[in-house]
Amino acid sequence: MYGGGYLFEKTSLDLLADEDQEKLAEFEARIDRGEKIEPHDWMPKLYRRQLIRMIEQHAHSEIIGALPEGTWITRAPGFKRKLGLMAKVQDEVGHAQLLYSAAETLGKSREEMIDDLLSGRSKYSNIFNYPAYTWADSCFISWLVDAGAIVNQVANSKGSYGPYCRALERICIEEAFHLKFGHHAVTWLATGTPKQKKMMQEALNRWWYPMLQFFGPPDKESAHSEVLMRWKVKILSNDETRQQWLDMYVPKIWELGLTIPDDKLKKNEETGKWEYTEPDWDEFVKVINGDGPCNKERLAVRKTAEKRGEWVRKAILATSPSKEYVTPLA
Amino acid sequence: MIALLDPRLKRLSLQKDDLPAKENLDQLPTYEVFVQVKEPRPFKHEGCVHASTPTMALVFAKEQYSRRGTCSGIWVVATKDIMVTGYSDNATDIYGRFTETANCQGDEYSIFHMVKRGTQHSFAGVVKAASPQAALACAGKTLPRKKPVLNVWLTKTANILKTTEEDKAMWATTPEKLFREAIDYKTQEKIKAFKENH
Amino acid sequence: MNIDAIKDLAYKMADDQLIIGHRHSEWIGLGPLLEEDIAFASKAQDKVGQSLAFYKLLEALGGQDPDTLAFGRTAAGFHNAIFAELPNGEFDFSIIRHFLFDTAEFIRFEMLAASAYQGFSNLGKKFKGEVQYHILHANEWLQQLGNSDDKTIARMQNTLDYALPYALGVFEPSKWEEALLAEGIFAGERELQARWEERVHAALKQTGLTLPSLTTVEPVYGGRYGQHSEHLQPLLDEMGEVINSEPGAEW
């Protein structure tokens, strides 16, 4: 699961100055022709660096994203939900594995990436710093956060880097299950008993604004890079993904009799765009920088998992016939 | 920090402080995974796993790369044991670069082809040769191909750990695990009934 | 056929798989490495899926629906071995339990495949391959950790010694042993234990671990008759927290 709002550092175009201009022209021509770049191809340093950063953030978001829903894994109500939620959270871990592998093909080892996550050097999607207070929160995430991620991931699967696109294609197929599982669970709550409806409505109230933030700051405010678009590293703008999501899911939320906590929300029939109350972008920045309700917990949990697993990894590394790590192929 | 909400975590004592810096990162080697979805389709590259032994790689690959739908076999090879060629440009066959005469006898090599950028490598067949270079020359001569090949991976067949005939039973119930499939979560009737009552 | 005997065995199997599957699920997202996290999550799903199949069998024999059976009973009504309900502890215990428990399950499914009762033979055959994978997974971990450095081997040996009394509790005889045997429904706990000891011994022999003489190990019984450790009821309370918060609702 991942939204837009990539935390690109300012794109330092001076990195491009000392590239071999002939190779750079060939590289750009290949992308223009719609061909994918593969791991052993020549690529500009800036391209490699931004891709590693983006795929790594995406992978971290999957592994951290397993935690809010994991909150309900031992309490899922009934066999259907218990099996479905286990499979869903497992998929998130699986996605992290696929994405780390794709990033590894660019030359950064998985353990380095995990180390950067644990030390706070590397970011992940902001939305997972919010808590899942009730079962209904986990249903919201399964349906609507994943729906947001799909909009973004379908777009990115048309990007230029082969291994990332292949990972995303598989991820999107699995996300289709997440979406249906989540929609099913939300539907059963929203059409259920008054207590269930209330539970679902309260979760929606909690998650609405973090969800709008999920796609990243408005385009006019985000440091956008023309070169990343040209290289098909970034495909859709933050506002484009947000609008797509609103267009697809607001009617589906309404048809379940739920109320979206924004009086101003409506589709402008002239522009075809949704109008809404902006979420608090100062809060967004604050949470990204570590001061959200769950930032500390999320990292503490990953550190705990890392620490509990350390003896296991060491023990099997000791028996491994070959300890040589080379960059995965594709 | 708000109170922990996950009962699983309440039972653990959470690591509050930073972990000490590691002298060495505990990085396991990787294995490349090839999956056959169904006989007689070719084995196709799906990705890699981090593992300490070939058997562990197979165990991990089974759940990471074949937990949905059908599967009739998995191969794993240590990444370091695979050799790769460069990429040819579109529509030119990479084998044009490996034309020296070679004695096609010796160890068996397994050959994997990529025919289009963005797609995965598929198993193309085996050749016998005394060296990887010779294996490429022999593969160019003997392996049938409908399209120009852009990139080749090769490894000695002996490096590949393969699931056996008996292992196929492990996938017997996989297609029945509908709780992992979108199709098992239908909402239409429920929503229709809800709308009719409101 | 003796329906009470069949039900008793079906309950044992259903409850065993549900409770250990639930325990396995506690590792999801928290495993020692990503690949193992994924593999263990599948085992959790497989176990819970197997328990559902046995609850459905019980439902067909006139019992309540699976959700009510699984989420609606208190500890005294559960027939799982105490071994299954013990907390996960650290990865060494989870793997040792997985190995000891699933070796028994694998043989039990083999024996069920040969049952004169078709409901059992169908399920025994159906899940054989699934459990075969669990055994492959458990054995590979046992081989690796059991042949690692001295510190790891000592840790594993310690855990094995702790786990064995509970593992033997899996074979607590039911009051239906003779009826099951006489009608060819199931060859019995004693037979199962004998075959289990053989396989456990063979697997351990290839590691640095030693299997103590099992005659000196006192089994922890009680689970099959609803007498559980202090760990089961809290597990059930947690598992049923949401579904039991609004009785009669659909989730």
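Per-chain numbering from 1; labels A, B and C assigned in written order.
The rule is short, and it goes like this: a contact is a pair of C-beta atoms (placed from the backbone, for glycine too) under 8 Å apart; a residue touches a chain by one contact, two chains touch by 3 or more.
From a predicted model like this one, the values you see are computed outputs, not experimental measurements.
In terms of the stated touch criterion, the partners common to subunit B and subunit C are A, listed by label.
Ranked by the number of C-beta pairs in contact, the top chain pair here is A-B. Averaged Cα coordinates give subunit B a centre that lies 32 Å from the centre of subunit C. If you average the CA atoms of subunit A and of subunit C, the two centres end up 36 Å from each other. The geometric centre of subunit A is 23 Å away from that of subunit B, both derived from CA atoms. Residue positions of subunit C touching 2 or more other chains, listed in rising order: 26, 30, 33-36, 38, 41-42, 45, 49, 144, 238. For subunit A, the set of residues that touch two or more other chains comprises 67, 70, 73-75, 83, 87, 94, 97, 188, 301, 304, 308, 310, 313, 316, 319. Residue positions of subunit B with contacts to 2 or more other chains are 7-8, 28, 49-50, 52-53, 56, 64, 177, 179-180. Every residue of subunit C that touches subunit B in the complex is listed here, in rising order: 26, 30, 33-36, 38-39, 41-42, 45, 49, 87, 126-130, 132-133, 136-137, 140, 144, 238.
The part of subunit A that touches subunit C in the complex is made up of residues 63, 66-67, 70, 72-79, 81-83, 86-87, 89-90, 92-94, 96-97, 100, 135, 185, 188-189, 192-193, 195-196, 301, 304-305, 308-313, 315-316, 318-319.
Interface residues of subunit B, counted against subunit C in their complex, comprise 7-8, 11, 28, 49-53, 55-56, 59-60, 62-64, 67, 167-173, 177, 179-180. Across the complex, subunit C meets subunit A through its residues 22, 25-26, 28-38, 41-42, 44-45, 48-49, 52, 66-67, 70-71, 90-91, 144-145, 147-149, 152, 155, 238-239, 241-243, 245-246, 248-251.
The part of subunit B that touches subunit A in the complex is made up of residues 1-2, 4-9, 12-16, 18-19, 22, 25-30, 32, 45, 47-50, 52-53, 56, 64, 68, 78-80, 82, 84, 86-87, 90, 117-118, 120-121, 151, 153, 177, 179-187, 190-191, 193-195, 198.
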